[in-house]
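Report on the following structure.
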Amino acid sequence: MNYDNIHTTCPYCGAGCRFHLQVLDQDIIGIFPDRSHPVSQGKLCIKGWNAHEFVTSKDRLTKPLIRRGGGFQEASWEEALRVIARRLKDYPPEAVGVLASAKCTNEENYLMQKFARVVLGTNNVDHCARLCHASTVVGLVKSFGSGAMTNSIPELEDSKCIFIIGSNTAEQHPLVAHYIIKAKEKGAVLIVADPRKITLARYADYHLPQRPGTDVALLNGLMNVILSEGLENKAFISERTENIDAFKEAVKKYTPEYVAGVTGVPKDSLIAAARAYARSSASSIVYSMGITQHTTGVDNVVSCANLAMLTGNIGKPGTGVNPLRGQNNVQGACDVGALPNVYPGYQSVADEKIRQKFEEGWKTKLSAKPGLTVVEMTNEAEKGNLKALYLMGENPMLSDPDIGHVRRGLAKLDFFVVQDIFMTETAELAHVVLPGVSYAEKDGTFTSTDRRVQLVNKAIDPIGESKPDWQIICELAKKMGSREFEFSSPSDVMDEMARLTPIYGGVSYERLRLGDLQWPCPSKDHPGTPILHKEKFTRGKGQFLPVEFQEPAELPDEDYPFILTTGRTIFHFHTGTMTRRVSTLNREVPTGYVEINADDARAIGVGDEDMVSVATRRGSIKIKAKITSRVHKGVVFIPFHFAECAANVLTNPVLDPVAKIPEFKACACRMERG
Amino acid sequence: MNENFEPRIVGFMCNWCTYVAADMAGVARLKQPPNMTAIRVMCSGAVSPLYVISALKRGADGVFIGGCHIGDCHYQRGNHSTLKRIMIVKPLLEALGIDSRRVRLEWISASEGVKYAKVIAEFVDQLKELGPNPLREM
Amino acid sequence: MKEQVRLRCKELLSAKRVAAVWGLREKDGCAVPFLFQNPEEIDALTLSPKAPLSFTCRPSNETMLSVLQKKMPGKRIGVVARGCDERALIELAKGERIDLDLIEVIGFSCDQAQAEECVCSRPFPQNPVAGDKVKGIPEEKAFQGLLAMELKDRLKYWEAQLNKCIKCYGCRNACPMCYCKDCRMEQSVFTKIGWLPPEFPLFQFVRFYHMSDHCIECGECEKACPMDIPLRKITKYLRSRMEDLFDYHPGLDAKRKSPILTTVDEDPVKDLPDELR
C-alpha cells in the first residue's frame, strides 16, 4: 500500500494557493491545504477544496481523435501526429496560428510559442490573456515599464487604505480577499468602486457604484480632488515621475460635479474616498476585469497607475497597483512569450538585437513581424486568411465575445487542432483532437498574479493514453523535423527558458523545491522580488499619461434599454470545463442566471427563477432570472460559465484599439419574459 | 415599542397530545390569541433544530414546541430527544444574539386544553415585551 | 520529545505490533500526514502541534483512518496523536467510523504555549509517550468577550462575521468530526444555495449544533476559514454548556454516548425546571 501527499499548486485562479493531493495507491482520495504557504496559509476556496474531482471525470479525453465522415474516430498517437505534421507544413506563416494556454504550465507555454516561431515561422501566437489583462500588460508597461502586479498579495494586510475597482475579490480571488478583510479589521479604510453591491462593498467604508464603463471619469475625478486639495505627493512626483503638467491640465475638467453626472457616484462619496486614499500612509489599488475588459481598458489601467503615482503609493509595502490575474498561469503564459509581439520576458519581436539573441538561442531565423491576437485570429479565419490553427487548453467557443462569430470563424478553418483534457465546445469543431493532461498528471510551474513562480508536481499517471502537453509539443516538433525540442523533462525546458529570459534568469527547479520565487529573479543567488519599482521604475521614471473619458462602444437605447455586464461566480470557473464536472460545485450552481434588479423585474413582469430571453444585436439566450438588489436599476449581470445560456452569445466583440481586448463589461441588451 | 405589534408564533405540536389540547381549547371556546400558526408533527422529537432557526429566520417572532409529558411519549422516548435538543438550541441562540425566550418548550397532554390556552397567552405577552424578532430584517 | 516518539514508533513497527504508523512527516518544508510502513521511514517523522493530522478526505467525506482500516483489515495501525487527535479517535469510534481496538495511540503532550494558543482545556492524551501534561486553559477565555456583549450587539457581531462566509466548507472539511455522508450543510431544503453570503445564520447553525456534543477542541475549523470567522467562540461555549448540563466532554470516554442521544433517566438535565420533568 502506498500513501503520499503531493504538494502542488491550485489550477484555478491567479492567487496561487497551494495544497497537498492525498494519493493512496494511485488514487487521488482527497486534498488538504498547505499550512505554510505565504498566500493561502492553510485555507482554500470551495473550488480548491474540490480540485481533484474533475481530474478523474469519465469525460476525460483518453485517446487522440481524428475527424472522419460525420464524427470523431479514435487514432493512435503516431497517426494523429503524422497527420498534423503533414498538414501544418502546407501553410505559409501568415496563414497559421497558435493559441497557447493560460491553464498550462510555463514550460508548455514556452514550448508552444517556440513551436510557433521556430517550426511554423509565425508570430501568430496568443492566448486568453488577451481577453482579460491585455489592458494591464499594455497599460502598466506604458506607465511603469513593467506590466505586472507591483506588490505581493500578503502585503495587503498591512495596507492602510485599499481601493478596489472592478474586482469582485471575495468571489474571484477569495484568498486575496482574506488579506483585505484582515486589513479592514486592523483599521484600514476600504473603498470599493463597482456597479454591483458585491460582497466587499458591504464591508467598504465607501462604495462607489459607478455606471459600467465610466471608470476613467471616476479615477480622474478622484485625482482632480486630490490635486485641488493639495494632497498629492509632490516629492515623489518630482523625483520619480515625468509629464505631470500635461496630466494636471487634462484632469482639470473632472470636477466632482461633472464626475457625479457621468458616473452616477454621489460627489460627497467621491471626495471622501479621494481624501482617504491620498491621506493614508500606505494605499493600495486592487483591480481586475471590471476595468480591463473595455474598449478603454488601457486608459482605465493607466488611470490607476496615474492615481498611484500622484500619491506616491508605489515601491513600498502595502501600496502599489495590483491587477488580479484570472487564470492560474495567465501571468506565466505572458511572461514566457505566448504573445504575438514579444518573446519570453516581454522582449520585443521587432527589436533586431533581441531577435538575434533568440535566433542564436533557437538556431533558427525568426520573423520580425508581430502576429495576430486572439480575436483578430477569429476575424481572419472568417475572412479566409487564417487557414490553420493549433490550440491548446483554451475554449474560445465560450470565452470569446460574440460566439456566433467565433463559430463561423473556427468552422471556416482548413485545419484545426485542439489539445485539451475534455471535449470542449471548441474541440467539437476540430479536425484533430489530442488528449492532454491536467495539473495532477504532470510536472511544471505556474506563475501566480503576484509574480510567484511555483512548482506543479505530478500526483498520478496520465489517464488513459493522454500525454503531458509538453511532451506532445516536443514530439510534434520533432515529427516536423525540428531539432530544437530535445527536452527530457520540464526542468530542462525551464533551464533553457531561464537562459534567454532575464526576469526568470535565476529560476530553476532546484531552487523552486526549496520555495517559490517572485520574478524579477535575474540570477542564481537573487532571492526574488516581492515589490517592484522600489528605487526607480522599470522604465526609469513613471509616466503620467493624460486620459480622456470615452463612453463604452455600445450604450443602451430604445431598442436595447439595459446595460449588460458579464463576470464570474465563486462556484464555477471560466468556461466551466473543470468546475461543471465537480459534483459539489454543480450542486451549488447547476446552471446560469441573470441578476436583475427588483424594479426592472417588476416592469417586465418577471419573478424570481422565471425564464427570460435576453437579446443583444449579436444574439439571444434563454436564462433564469435571479432577482437581487446587487444590481442597480438598468443594469443586468450574467456569469459566463454556462454553455447552455452563454453570456458571450450576447457580448460585443469591439476591441480596445491598442490592447485588442474585447468589451465584455458593457453592451446593450433587452429582456422579456419567456 | 409599537403598541400594535402582534407577535407571530409558529407552533410545532405533537399529534398525540398538544395538538389535541389545542383543538380542545378551540372547541371549548377558551380565549386563544390568533397569533399561532400550528404545525402538526407526529412527535415533538421530530422537530429538528433547523426547523426552529428557519422559523425564526422566516418571520416568526416566537417558536413554540408542544410535546407529551416525559413518560407519556407515544414512541416511548421521542420527547427525551426534544428536551435534550432544546437544552442546546437555547444557548446556541443566545450565543448568536437571539433571545432564547423566543423558543418555548412545554409538555401539554391531550386533556390540558386549559393549560394550552394559558401557556400561549403567556407566550404572546412575553413576545410582546421582547418586541419583533430582529432576525426578520436580516 | 520527537526522539521518544520516534523510538516508540520504531519499536512498534519492528516488533510488528503495528502494521503501519499514521503520523506527520517532514517534506519540502511542510509537516504532512504520512503512512510509515518501515522502521527506517520513521527517521522522517516529525511532531508539529500546529499541523493537523488530517483525518478527512473529500469528497467522499470518509475519515482517513477509516479508509486505511478498510485497506488493511484486521491490522493494527499506530497513530501519533496529540490530545485532540486522541479525542477525535475516540469520537470516531463512537460514531462507528473506525475500530478503536485496532488503533495503537502513540500520544504526546503539547507545551504551555501551544495550549494557550489553542485555548485547550486538555492539551494531552491519556497516556502520553512523551511530553509533560501541562495545565489546561479554562475554556471561558475563548468566549468571555462574547457573553459580555449585549444581546443585540452580539447579533450584529455575528451578522458581520458570518456574512463574510464564502461557503468554502473549509470548516467542515477540516473538522475531524464532520464525517456525515449526507452533510446537512449541503442541503438546499433549508437555505438558498449557490449564493453568497449563505443565509445567516442557517448555514453554520447546524454545524454549531452538531459540534455541541462532538467538538474535540482541535481548532482546525478556524484555521481553515479564509475569512477568519471566530467559530470557536460558539463551539467552546456549547462545550461548556454540555459540561454544565450533563458533565459531558466529547472524546474522553469511549463508552459514554452523547447525552443528546440518551434518555433523561440515563443523562438527566441538571437544574431542569419542574414543568419539564
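Descriptive notes on the structure:
Here the chain labels run A, B and C in written order, and each chain numbers its own residues starting at 1.
Here, contacts are C-beta pairs under 8 Å (C-beta built on N, C-alpha and C of every residue); 3 or more make two chains touch, one makes a residue touch a chain.
Because the structure is predicted, anything quoted here is derived from the model rather than measured.
Under the stated contact rule, the graph of chain-to-chain touches is a line, running from one end chain to the other without closing. Counting C-beta pairs in contact across B-C and across A-C shows that the higher total falls to A-C. Averaged C-alpha coordinates put the centre of subunit A at 54 Å from the centre of subunit B.
Work out the mean CA point of subunit B and of subunit C, and you get 34 Å between them.
The centroid of the Cα atoms in subunit A and the matching centroid in subunit C are 39 Å apart. Interface residues of subunit C, counted against subunit B in their complex, comprise 143, 146, 149, 151-159, 184, 190, 199-202, 205-206, 208-209, 212-213, 233-234, 237-238, 241-242, 245, 259-264, 267, 269, 272, 275-277. Subunit B contributes residues 49-50, 53-54, 57, 70, 77, 80-81, 83-85, 87-89, 91-92, 94-99, 105-107, 134-135, 138 to its touches with subunit C in the complex.
Contact residues of subunit C toward subunit A in the complex are 20, 27-35, 37, 50-52, 54, 56-60, 64, 67-68, 71-72, 163-164, 166-170, 173-174, 186, 188, 193-194, 196-197, 223-228. Residues 1, 3-5, 7, 20, 22, 24-25, 29-36, 42-46, 48-50, 53, 170-171, 174-175, 177-178, 181-182, 185, 199, 202-203, 513-515, 569-571, 583-584, 587-590 of subunit A touch subunit C in their complex.
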